[in-house]
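Below: a set of structures, written as structure tokens.
Below, chain A partners chain B and then partners chain C, in two separate complexes.
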Partner chain A sequence: MSAATRIGALIVKEFRHLGRDRRTLAVVLALPVLQMILFAYAISFDVTNVSTVVIDQDRTPASAAYLRSYASSDFFRVVGTADGLADVDRIFDRNEARIAVVVPAGFGRSLAAGEQATVAVYLDGSEPTAARVGRGFAVALNQAYGQSVAVEWADAQGLDVTAAGQLEPRVRTWYNPERRSSDFLIPGLMVVIIMVVAVQQTAVSLVREREQGTDEQLAISPLRGWEMMIGKLAPWTLLAFAELAAITAVGVWFFHLPLRGSLGVLALGAALFVFCSLGLGLVISAVAPTLESANMLGLLLSILPAFILSGFAFPLGSIPVALQAFSWLFPARFMVAISRGVFLKGAGVAELWPELLTLAGYAVVVIAVAVVLSARRRR
Partner chain B sequence: MTGQPAAAPAIEAVGLRRSFGDVVAVDGVDLSVPRGSVLGLLGPDGAGKSTLIRMLATVLRPDAGDARVQGYSVTRQANRVTPRIGYMSQKFALYPDLSVAENIEFFARLRGVAKAERRARSLELLTGMGLADFLGRQAGRLSGGMKQKLFLATTLMHRPDVLLLDEPTTGVDPVSRREFWRILADLNRAGTTVLVATPYMDEAERCTDVIFLDGGRVRHRGTPAEIKALLPGRLFELRAAEPRAALAAVRGLPGVLAAHLYGDIVRVLFDADDVAAVEAALAGEGIDGAVRAAAVDMETAFAVLAELAREEVAR
Partner chain C sequence: MSGRRIRLLIWKEFLQLRRDPLLLRLLFIMPIAQLILFGYVVAADVTNLPTAVVDLDRTATSRALSAHFDASDYFDVVARPAESELQPLMDTGRIGIAIVIPEGTQAALDRGETAPVGVVVDGSDSQVASVGSGYASQIVARFNAERMAGQGVQLAAPGIDARVRVMFNPTLAAVNTMIPGLVAAIVMLSIMAVMGQAVVKERERGTLEQMFVTPIRPTEYLIGKVTPYVLVANVQLLLVALVGVFWFGVPFAGRISVVVAGLALFMLTSIGLGLLISLVSNTRQQAQQLMMLFMLPSFVLSGFIFPIDSMPAAIVPLTWFVPLTWAIQILRGAFIKGSGFEALGTQFLVLTAFAVVLFGAAVAATHRRLAE
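What follows is the complex of A and B.
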């Protein structure tokens, strides 16, 4: 009887397990959908319509014109006015607004005199992302406004403003000009999902054989070690690829994610990454004493690194240096780079070969470690 | 030595030893099981029964010594041993989420049983065991007795020469136990050698030979009759109003070799040969109750041998 028959029997069995296990099935199938919706839709890192209150203590046409520039911007949504700073505290506490703009008395007079007029912008720092972005836009807006005021003033005084050589600030964002966070998140999200499914399921499926005692029955069958590995890994490889295809399809058609590079390069990277993840799962299954510990280790070594140490949610440059070093231990960061490279930058093998090579090396090492560990574990 | 001598015993172990950390589970076991016999493996919990069976099944490597099953070494020719054995671990080791048919099909395919044979053989086995109506039932939802029968059927699909059964009827109701043993008897008649660990003494009586294992060593071996004959003195049963008090009083008496409770009856192994002498001795200590001579059964032999072994260790 051939090895193919035995591997086939194992693969059929694995899919039967999956079919019977509603909860795992739900996790495996619903997780990607749920995460897509959550990350690419509900939890948007896009910052627009930041609720803003304005406090006009100057009450001149000039101050009114200045505050109108906030109201007409997409980034700020003026939700009301207030009388003094004391009100700002209350408004922030009630989460009615994140930003307060205060135009002090004398603003109009200063502008008319050609002097530097000051305004105060208060930010609710308890929501750092909105605060950071809001600050950036407030500064930009003030710069632009201040300039136009200066130009008007210069005009009125009969001066040549172009000769003054003032700079016009101009911000351009590459690859994702509209700064849509879904473009940024979906390529990373597929990495997270593949990693979670592959690592978790592989780890659990081998430990379960041990807990059920069926590993002994497998051991006294002619099934060889490598046949067992293939039979155990093939179903999850197939599933990971199906999910990858689904996420890509939904991303491109539903979220209008640009796919600028080649699908082939993406598939190559994904294949290598899947092997890395499966290998990691095998290592866990070799060292975990119980199903629970395999589950915990699987979560710890898949979700956390995939979220935090991959550049998926936070830029790798912004996490602590010690963790940055740690991120090299996990394959996720390379795959996030490949995925974003292919989708957003149209990168190919010429640009991504270091990441592809690293993943290939990682896969070889981690699977070798897994084989050694589980061989030592037997008997 | 790769040949299989025709007359080689079904199982032959020499100096098998295995420890887990500091605990020596099997401490140098020699064993020879002729083909076609039913060997019962007896002994208290922790005696090393499971460890011994797992080594014979090639799923556990011995620290020292070796064993041959049907002439093949379990350490060096494991892949020749495994096609010839069926192994039931103490724990039910089938997939609880798969159906009866799926479990039996999976393991048979893995074992290389051809498709036509798989169908015919599984039908024959499951029908014989009364499981034919439960083909679609998930294994985890079967009763204890049915689970064990299914497990046995699964290990029989590739027609093994030797069955290694680790307490296959523990936790199974008495009716199912009898049925299980009827199946074993049929298999044995057809030539299968059976090694079965059991905590049930009535099952031990049905074996052609028994081995008494304690502390990882073979303490006694023989036919059930021989084991029973190992007991010194004669066995008497004492019916007393307060059995526990009577047991305590009896234990200190001269001439008492061993005593234990059997339900409400005190069973006493006495260094005397007639009821009158025993009654006199008991009456002298103020213990009254009905005394009668009893035949030694495996239950008593087991209890007394274990007790004597413990005393020996204490001494």
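What follows is the complex of A and C.
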């Protein structure tokens, strides 16, 4: 019996396992689609429409006009009015609003007299992202409003206010001019999904054989160690690739994700990355004594780093150096760079060769470790 | 109900846990790993963005503006390329943002005109793009203000003096919101992960039948099965809370009773959900996958990592069906705002409903299963 026949037989066995457990197969296939929809629709880092209450203690046309500028902005969504400062505490406590604008009595009079009128803006800091962006918007809105009040006033007084030149930032966003979060997330999402599926499934595959006692049957079969690895890896490699193709297709046709680079480079990177993930799963499988610890180890070594240390959603530029170094121990980070480079930047081998090379090296090392560890385990 | 039978079952579960030393160790490494990753990575603010300044003006003004960027914590000027070199720098990801000062900027300013400054951000990293462009606008605004003040332009005109104050979390440290959320997430993760496997494992191994022939009653079985893991989860979240408060310096403004009540309700919910998964699954792998199917939407939709505020309006109602959403609101309210039961009335009501329905359903299902 040749090696090819033996490996082929094992692959057929693995596929039968998969086919028998229809529910697992359904979940494995449905999970990526669910993830994709959830992430693409629910996650956005652009904060808009933050609930705001306004407290007008002045009740003059000037204060009403000032508060209207909040209602007409995209950032603030005025959800109600309140009477006094005591209400602000209650409103923040009950999460009814995140921002409160208080216009004290005398606002209109101060402006009419040509003085600085004071207003107070309170932000709920328990949601730091929204609060940080909100602070910026509140300052900007007040600056602009103050300027327009000053210009109007100076115009009325017959003064010339154009004397001072101003710099004006013009922001251009490359690669993703509309800043759609789906453009940003989907290339990284496929990395997370492959990691979840490939590592989790292979992590339990050897452990399950062991727990069910079928590993002894495999051990007395003429299968060699590396043949078994290939047989175990092949079905999941195919499945991971099918999912990758599905994600790419849905991303490009449904979410209109631009594919600017070559599909070949993406496929090459993905193949290397799938091997890295499967290798990692096999290492876990060789180390873990039970199914539970295999699951837990898979979570700790693959899903958590893929989710957090890959740059998929959270920028890695400002994390501590020690964690920075730690993130290079996991292949996900390199694949996110490749995937984003190919999709959004149209990068090719010329730009991405360091990442591709790293993944290739990683794959060789991790699969070698897996073969050695499980051989030792079998002995 | 026999205390002895329950104690024996608890003892058996602990013995089983001890037989897998790796799992036991992982149960305690896991929360700490999560704490470090969430505390340092997810909660990290965008600082020291690698920045390129393209100075086509080469005047005192352009140098002053570039110095403003250099001096700020947000930007780290790593390159001063020619305009044509910008594209490759951004393609390879060596810079995330570029400031382009066009020729004739100083001259335009001196004529009292408004001069544009180009801010180019890398849109393939959306957080960098939105935060970076915001900071860049702030720095330009500050530059304008200082320039005006330096020229002695003091208009005796009316204006708005806005006092912007951040309440509850004045430093805007994201870790302060992360830790209370993490406490809830860990409860869910570890209780559901273990409960989801509990019954299905006994069934797979055939030890469930052995249980039936013992005099143990369904209720006793349930209590004995649940107690060890609730204890483990309690140790885990105590660990997280202590490290959070003492290492990350997360303030605790509230009352312990609110936290305990909220966590107890949420634990019941998680136990119920875990048991239901275990009861409907035929194999452990199915249970594992079903759990992932629940876990993922919970993490994404609960506001744990991604704020509900920035979700589209159509998605927001979905978040109400996730128990974790309510648990996180209770814990954050108690930790950060010092909210009491009155303020969190709605949250407690909803979580109680979840707990009663899910735990009740799980108990009923266990009874039916064991009575079969």
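In this section, the second predicted complex is superposed on the first by the 306 of 379 C-alpha atoms of A that agree within 3 Å, B and C clash if a C-alpha of one lies under 4 Å from a C-alpha of the other, contacts with A are read in each partner's own complex, and residues count from 1 in each chain.
Methods note: a contact is a pair of C-beta atoms (placed from the backbone, for glycine too) under 8 Å apart; a residue touches a chain by one contact, two chains touch by 3 or more.
Keep in mind the model is a prediction, meaning the values are calculated, not measured.
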Does chain B (first) or chain C (second) touch A:304, or do both, or does neither?
second
For A:214, decide between first (touching chain B), second (touching chain C), both and neither.
first
Based on the superposed arrangement, let me know which partner A:13 touches: chain B (first), chain C (second), both, or neither?
first
Now for A:222: first (chain B), second (chain C), both, or neither, which partner does it touch?
first
According to the stated criteria, A:258 is in contact with first (chain B), second (chain C), both, or neither; which is it?
neither
Using the touch definition from the top, say if A:21 reaches chain B (first), chain C (second), both or neither.
both
Touching A:104, do we find chain B (first), chain C (second), both, or neither?
neither
Shared chain A footprint, chain B vs chain C, residue numbers 21
With touch defined as at the start, can you tell me which chain A residues reach chain B in the complex?
1, 5-6, 8-10, 12-13, 16-17, 20-21, 212-214, 216-223, 379
Show me the residue ranges of chain B that touch chain A in the complex, using the header's touch definition.
54, 57-61, 79, 82-83, 85, 87, 89, 91-98, 102, 106-107, 109-112, 114, 138, 154
Complex contacts: residues of chain C adjacent to chain A:
20, 22-23, 26-27, 29-30, 33-34, 36-38, 40-42, 44-50, 65, 90-93, 96, 105, 108-130, 133-134, 136-138, 140-141, 143-144, 147-148, 151, 153, 155-170, 172-174, 176-177, 193-194, 197, 282-286, 288-290, 292-293, 296-297, 300-301, 305-307, 309-313, 315, 318, 329, 332-333, 336-337, 339, 343, 346
Under the definition above, what is the set of chain A residues touching chain C in their complex?
21, 23-24, 27-28, 30-31, 34-35, 38-39, 41-51, 66, 90, 92-95, 98, 110-133, 135-136, 138-140, 142-143, 145-147, 149-150, 153-154, 159, 161-177, 179, 181, 183-185, 187, 196, 200, 204, 208, 287-293, 295-297, 299-300, 304-305, 308-309, 311, 313-320, 323, 337, 340-341, 344-345, 347, 351
